[in-house]
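Alright, structures below, take your time with them.
In what follows, subunit A forms one complex with subunit B and a second complex with subunit C.
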Partner chain A sequence: MHITYEALEHKPGLGQTLKEWIFTIDHKRIGILYLIGSMAAFAVAGLMALLIRIELSSVGPTITSNPGTYNVWLYFHGAAMILAFQIPALTGFLANYLVPLMIGAKDMAFPRLNALSLWLYWMGIIVALLTFVIPDSPDIMWTGYPPYSLKTGGNTAFYVFTVHLMGFSSIVGGINLITTILYMRAPGLTWNKLNIFVWSTLGAFILQMIFIPVLAAAVTTLLFDKYLGTHFYDPSAGGDVLLYQNLFWFYSHPAVYVILLPTIGIIFDIVATFARNRVFNYKMVVYGGIGGVVLMSGEVWIHHLFTSGMPDWIRIGMMISTLLISIPVGLLMIGLLGTLYRGAIQYTTPMLYAVGFIFLFLIGGLTGIPNAMTAIDLYIHDTHFVVAHFHYVMAVASTFAIFGSIYYLFPKMSGKMYSETLGKIGFFILFAGVNITFFTMFIIGFKGMPRRYYDYQQFAHLEGLQRIATIGAFIIGLGALVVLISWIHGLVAGKKAPDNPWGSKSIEWMTSTPPPPGNFSQIPVLSGEWHPYGYGRKE
Partner chain B sequence: MSKRYLRVLSISLLFFPITTPLLAYEKRRGPEEVPDVPGGWDHLFNEMLIDITIVGIIFAAITIYLLIKYRQRYPGQEGSPLKLTTAAAIGWALIPAFVFMADDFYLAAEGWTLFNDYRRVPENAYEVKVEGSMWSWHFIYPEGVETFNELRVPAGTPVVVRMTSKDVIHSFFLPDFRVKEDMMPGRVTYLWFYPKDPGEHLITCAEYCGLMHSGMKGKIMAMPKDDFNNWIETEKKNSHT
Partner chain C sequence: MNGHTSEHQLHWETSPWPLVLSIGILFLLPFAFSFYFVYSKPVMAVLSLGIGVPLTVLAIAGWISEGVGQKDEPGFSIAAMPLFIVAEAFIFVAFFVAYWVMRLGAPFWPPAGTPEISTGVPIIMTIILVSSSFTIHFGEVKMERGDKGGFLTWLVVTIILGTLFLVLSMTEYSHLFAEGFNFKTNSYSTAFFSITSFHASHVLVGIGMFICILIPALMGKMSKSFVKAASMYWHFVDIIWFFVVTQVYFWWAL
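On to the complex of A and B.
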């Protein structure tokens, strides 16, 4: 008997709907719940960023006279943006929503594990948000370096538990997604026909599976040191303070690539769809670009410790390995530009975000080179220059990819079209804002102002530049507001979306909009000539 | 497309990353000469700024050109990609890879040279011990004199500081001398700088160390040699009495 989606349709009440969403094991709903959680984290952490920028707009106290409060904002901004917004939005929301659809699977390999990873993530968010309520909020920065994190009165445990919950969530999600990609591809979907996004997700989760345990070890020993009296990081009892930094960055540098890979993967999909073109040199992008990043990600972490007192020989070694990262990343850039070549580019909102990404990533990537060079880094390490660099290359670039992909998937997820006008206005405001804020920070950093400063008497001459950066932050805030309005407008007043509004060849657009439970009424059968990027006429 | 042509191409590609670092070779200095580290830093940074600006402009210009040239001109227009031959596909991966590698190795060689200057302490440097604590610097001079937050040194002599910390990690950052190094409990780290002329320079903390992190600052006072010697003699007497 053939059961169609219509036969299952029903009109549940509010309570019933909530129950269906909370206990869902459907990968699309889980993905959307990830999205809601990560956007909530983005909102709160973004608010922190605004507070930080306002505080820095003048020398001396501006809106708080307590540096401790400012330090808590800094901590929360960093920890929440990375652990609760970027990684979950990319490997939670996008991977969950897209991967089974892109490979023509009915769901994930382990739907209940998938729900578990979502719940762990939400608990992590709750624990993270509780830091505002408990008496001694953590002020240890997202890096949590001992001995400060051990000596401070701030609560280190909440940070550690947040990392544990998010880490478990990622490992469970990783087992699930890797299995799904390996075993649940539609018949005829060979490895060289996978979407770049699927490849990049696979790469990101391989990194997560390898490196998360190291982070867990680092923060757990921190917890033991602080509350159980062990001495891992106490030199007076034979411990070593640098051990933590090594363990932490051994995970947290690959974590940058966990963010970068899905980011660039979804950008490839968006660019190919709207340039109506094949991905340029597919095998170079997959094996050289994504494969190269995965292989090299684990041997460059010392560049976070260039001024930490590591031996000189390893600083030189990791300077070279860090510089060599430019090879796979450069190949990815060439792949992106080659995809534009001889295309027929449609400037929709997602495509604008992809174009924005290219420019932001270019600036961010190239300014990584001074940071990679040990001798240059001895001056700019821990200054605003580094802050500007990693915001360009990681924070803002991936946020542009996330926003772009939300617009890209908006019709599929909601069944409605968003307003192109509102979407484009939001993009241009955001693009202007991030460049004003973060380009100014390059100059501030070049002039020597260190990061994590509450006050800057000794750099009072940089007040004007700091003001410009703060103005930029408000423009970013305005842009984010317009983006939010465009989504709400699309949800409430959007026109009904067709099944495949972008004319994409990829499998996720072959099903109805929004996709029914089980995704496809029939498992898609792919012909030998089919390719997800099989656009245009071949010559 | 002969085999020989391919062989010549691949050999010259291999040579590229090997030869570029040689461009960074500089003449050796005499042992008594104190290298100009901040000058070297400025020089290398400018060189690299030119490098990344050129690369950035090339990439940005190509992107803008492609974005304008290949915009969709009528609804329903599709791309018209050319088919890549296997040789072209491999070439598009290998040639850029070797070009990037060549640039990387060139920069690495330059950076390595400068880094050696940073880490090789000149002979006869004046050695001062520093202990960081929340939130001040404690200087101990070889003559037994101690100061807080103010490091007085003789101008025209290289100075090496041996650093440690009493409590948490701090970073001894001298913006004018383009150098910083962390100080932490349980380890001794060092950096050196060369105050050529008398003058004042900022010391500021660059590793997050809690509430007053941004207020953890001090100054280096480079004094004429005689003034410095007089000062240290007076201080020595004061500390003995």
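On to the complex of A and C.
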């Protein structure tokens, strides 16, 4: 039944191999190229975070006396982490690699468009990296609020084009993936038998298709205003600065659900596999959890503008809708915990990351509730408290899911097993590091320290706490290094991986390891009883 | 797991064109724009265009020659085009939101500095665009009946009508520029030129799609599902024009 990978291998020369990688239109290789790009972005943006932390480790100028330089670090850290690392790692790498395998398809619906979205993303990375080459680096955070972004001497155009290229890449990828999921499922794979990850990717891409164009329009108007002299954001000529904030967050709040959905989807798959358990209340998770998040994600963006001068009736309405969205998210959490309940849990490295995700996401989610309430938010808005909140709930939680999924898929992608010991050491260092850094930031923020400040003379008494956070950041850096070493070690010295090392029931593990071109020697036909999470109590 | 055998792909499939197209786009848009508007280096901008335009055209040509006329064409274009249209529609939504925010916040409308904008030209443009929607539909009907000559004729008529629309648009722009009404004049000009030029760029893309159908069709290659998708896109451009013409041209007296 299986054709082995060796039988297919035709031992191409170096030139041929290079050609087969660079010009590839195969979804697995495109996924891996996405992964390389997003990890590169993660590394550079992570270095920026370290610079930011060193700068904040003492009152007064520490390693730069130029606040503009600090702004450039903040810009690159934010923009690269969100646009070039998280979204591409989840909707580029994971979705590309896993979805066709999970639905039993040979490839995506449009293999060439898939390659186009990959390379547009890489061009976006190039434009983003030019930040360090050009004299007038962009210094406008990842939000690019006017009027600062219009008045600054920094190069706003490169920010806009990074967003354009990556946004266009996501739209092309979204068209491709939605078409693939709708039309290319294997015979017998009905809607209620899709992996949660496939559902969540579908949800994420529906959001991308609707909301990215609004962001594209918003940054385009920024470009027009700054370089062509239009008046969208010029109050003296009838423009409105708040318009940009609204358009921007109309995309950028749903963007956190674009990140959350695939994250929680892959966590469901990891948890079900290693707990040897069915997904608790599958339909509730899919239709209530994922469906609810998709439906409600476009109605909460004003909570980013609670202090921007909005009428009270809008703020209170959006406060309620923001609090309400914790219901579908809560359903997802119940689903995760129910899947763990009475499971035969194996704490492998991916499972540790999944459990770590649940812990971090819970802290992040619960600290979101005070943020959502206008009365409290007026006090903690734009402080380190918010920074800590979104790092827990989005940045760190999703990064844990991404790392966990890389470990989970490591045997499938490379054909080798990683070292569990190294993997676990890396996990525990990271876990300690993120909690030291970001939990301290909650305290710093609650004591009133605003975000984005490069110096804090008025808050000199917080220096000790800031120093603890900086130490935590270095622990995170060390953890990331160990993780990288564990991957390289696995690639170089790992044992050969079997086809299904985790004993999963889902389709991606039915093919050989690593999957051959075309994925399956035969198109999988699934029996009526089959379910991706069909783990009986006793097998 | 049961299965039925299908032919195996025994090699990794490749295509250089997506990469070439991305590089072309990189030079065509971000680099050319930045050199011209940000760094004021027109020579470098022209050089960027000189790299970007040939790469883009080459990539599209190569892509089409690879993709059109495959034997086992899955025909997903018709399924994918509505998704693309949804995305495009939301860009227009954002621009219209921007327009109405400025307009409803203005003490009086149109703001000072707006000249008389002729109402005759947009009516003629509407007639042209609507009839082009009909002509491409006729072409599609001919294609379904297997009448290739009829299809090509209607396709060419559609391309001509689309081009006529763009020419009218350009003449109108040059009149307005001559009256001192341009991008920079006031909030109405901001919205007017952003929305109409963005719509015109969609007309241009539509014409580009039709040319990408016409040339291979003359050489005997055709993809029915791509033709249908392109025609769907053209109808979308037509529908958007209704919003543009009613809200930007005619509601300014309300």
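The rule we apply is simple: the second predicted complex is superposed on the first by the 529 of 539 C-alpha atoms of A that agree within 3 Å, B and C clash if a C-alpha of one lies under 4 Å from a C-alpha of the other, contacts with A are read in each partner's own complex, and residues count from 1 in each chain.
Heads up, the rule we're going with is that a residue touches a chain if its C-beta (ideal position, glycine included) is under 8 Å from a C-beta of that chain, and two chains touch if they have at least 3 such contacts.
Everything numeric in this text was worked out from a predicted model, so none of it was measured.
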>> Quick check on the superposition: with subunit A as the shared anchor, is it clash or fit for subunit B versus subunit C?
In response: fit
>> Output check: A:Thr348 vs subunit B and subunit C. Expected answer is one of first, second, both, neither. What do you get?
In response: neither
> Is A:Gly518 touching the first partner subunit B, the second partner subunit C, both, or neither of them?
Replying inline: second
>> According to the stated criteria, A:Phe224 is in contact with first (subunit B), second (subunit C), both, or neither; which is it?
In response: second
> Counting only touches as set out at the top, which of subunit B and subunit C does A:Arg315 meet: first, second, both, neither?
Replying inline: first
> So, A:Met373: does it touch subunit B (first), subunit C (second), both, or neither?
Replying inline: first
> What is the value, to the nearest 10 degrees, of the angle subtended at the Cα centroid of subunit A by the Cα centroids of subunit B and subunit C?
Replying inline: 100
>> Once chain A of both complexes is superposed, is A:Asp240 in touch with subunit B (first), subunit C (second), both, or neither?
In response: both
>> Between subunit B and subunit C, whom does A:Lys106 touch in the aligned arrangement: first, second, both, or neither?
In response: second
> First (subunit B), second (subunit C), both or neither: which does A:Gln458 touch?
Replying inline: first
> Touch check for A:Met510: first (subunit B), second (subunit C), both, or neither?
Replying inline: second
> In whole Å, how close do subunit B and subunit C get at the C-alpha level once superposed?
Replying inline: 11
> Once the two structures are fitted together, what part of subunit A is touched by subunit B and by subunit C alike?
Replying inline: 239-240
> Across the complex, what residues on subunit A touch subunit C?
Replying inline: 1, 3, 8, 10, 19-20, 22-26, 29, 106, 109-113, 115-116, 118-120, 122-123, 126-127, 136, 155, 157-158, 161, 164-165, 171, 174-176, 178-179, 182-183, 209-214, 216-218, 221, 223-224, 227-232, 237-240, 243, 247, 510, 516-518, 520-527, 530
> Given the complex with subunit B, which residues does subunit A contribute to the contact?
Replying inline: 67-68, 71, 139, 141, 145, 147-148, 151-152, 235-236, 239-242, 275-278, 280-281, 283-284, 288, 307-309, 312, 315-316, 319-320, 323-324, 326-327, 330-331, 333-334, 337-338, 340-347, 355, 358-359, 362-363, 366-367, 369-370, 373-376, 378-379, 381-383, 448, 450, 452-458, 535-539
> If you look only at subunit B, which of its residues touch subunit A in the complex?
Replying inline: 40-41, 44-45, 48-49, 51-52, 55-56, 59-60, 62-63, 66-67, 70-73, 77-84, 89, 92-93, 96-97, 100-101, 103-105, 107-108, 110-112, 114-115, 117-119, 167-169, 171, 173, 175, 178-187, 189, 202, 204-215, 217
> Tell me, which parts of subunit C touch subunit A in their complex?
Replying inline: 1-6, 8-19, 21-23, 25-26, 29-30, 33-34, 37-38, 63, 66-67, 74, 76, 79-80, 83-84, 86-91, 93-95, 97-98, 101-102, 105-106, 111, 183-184, 186-187, 189-190, 193-194
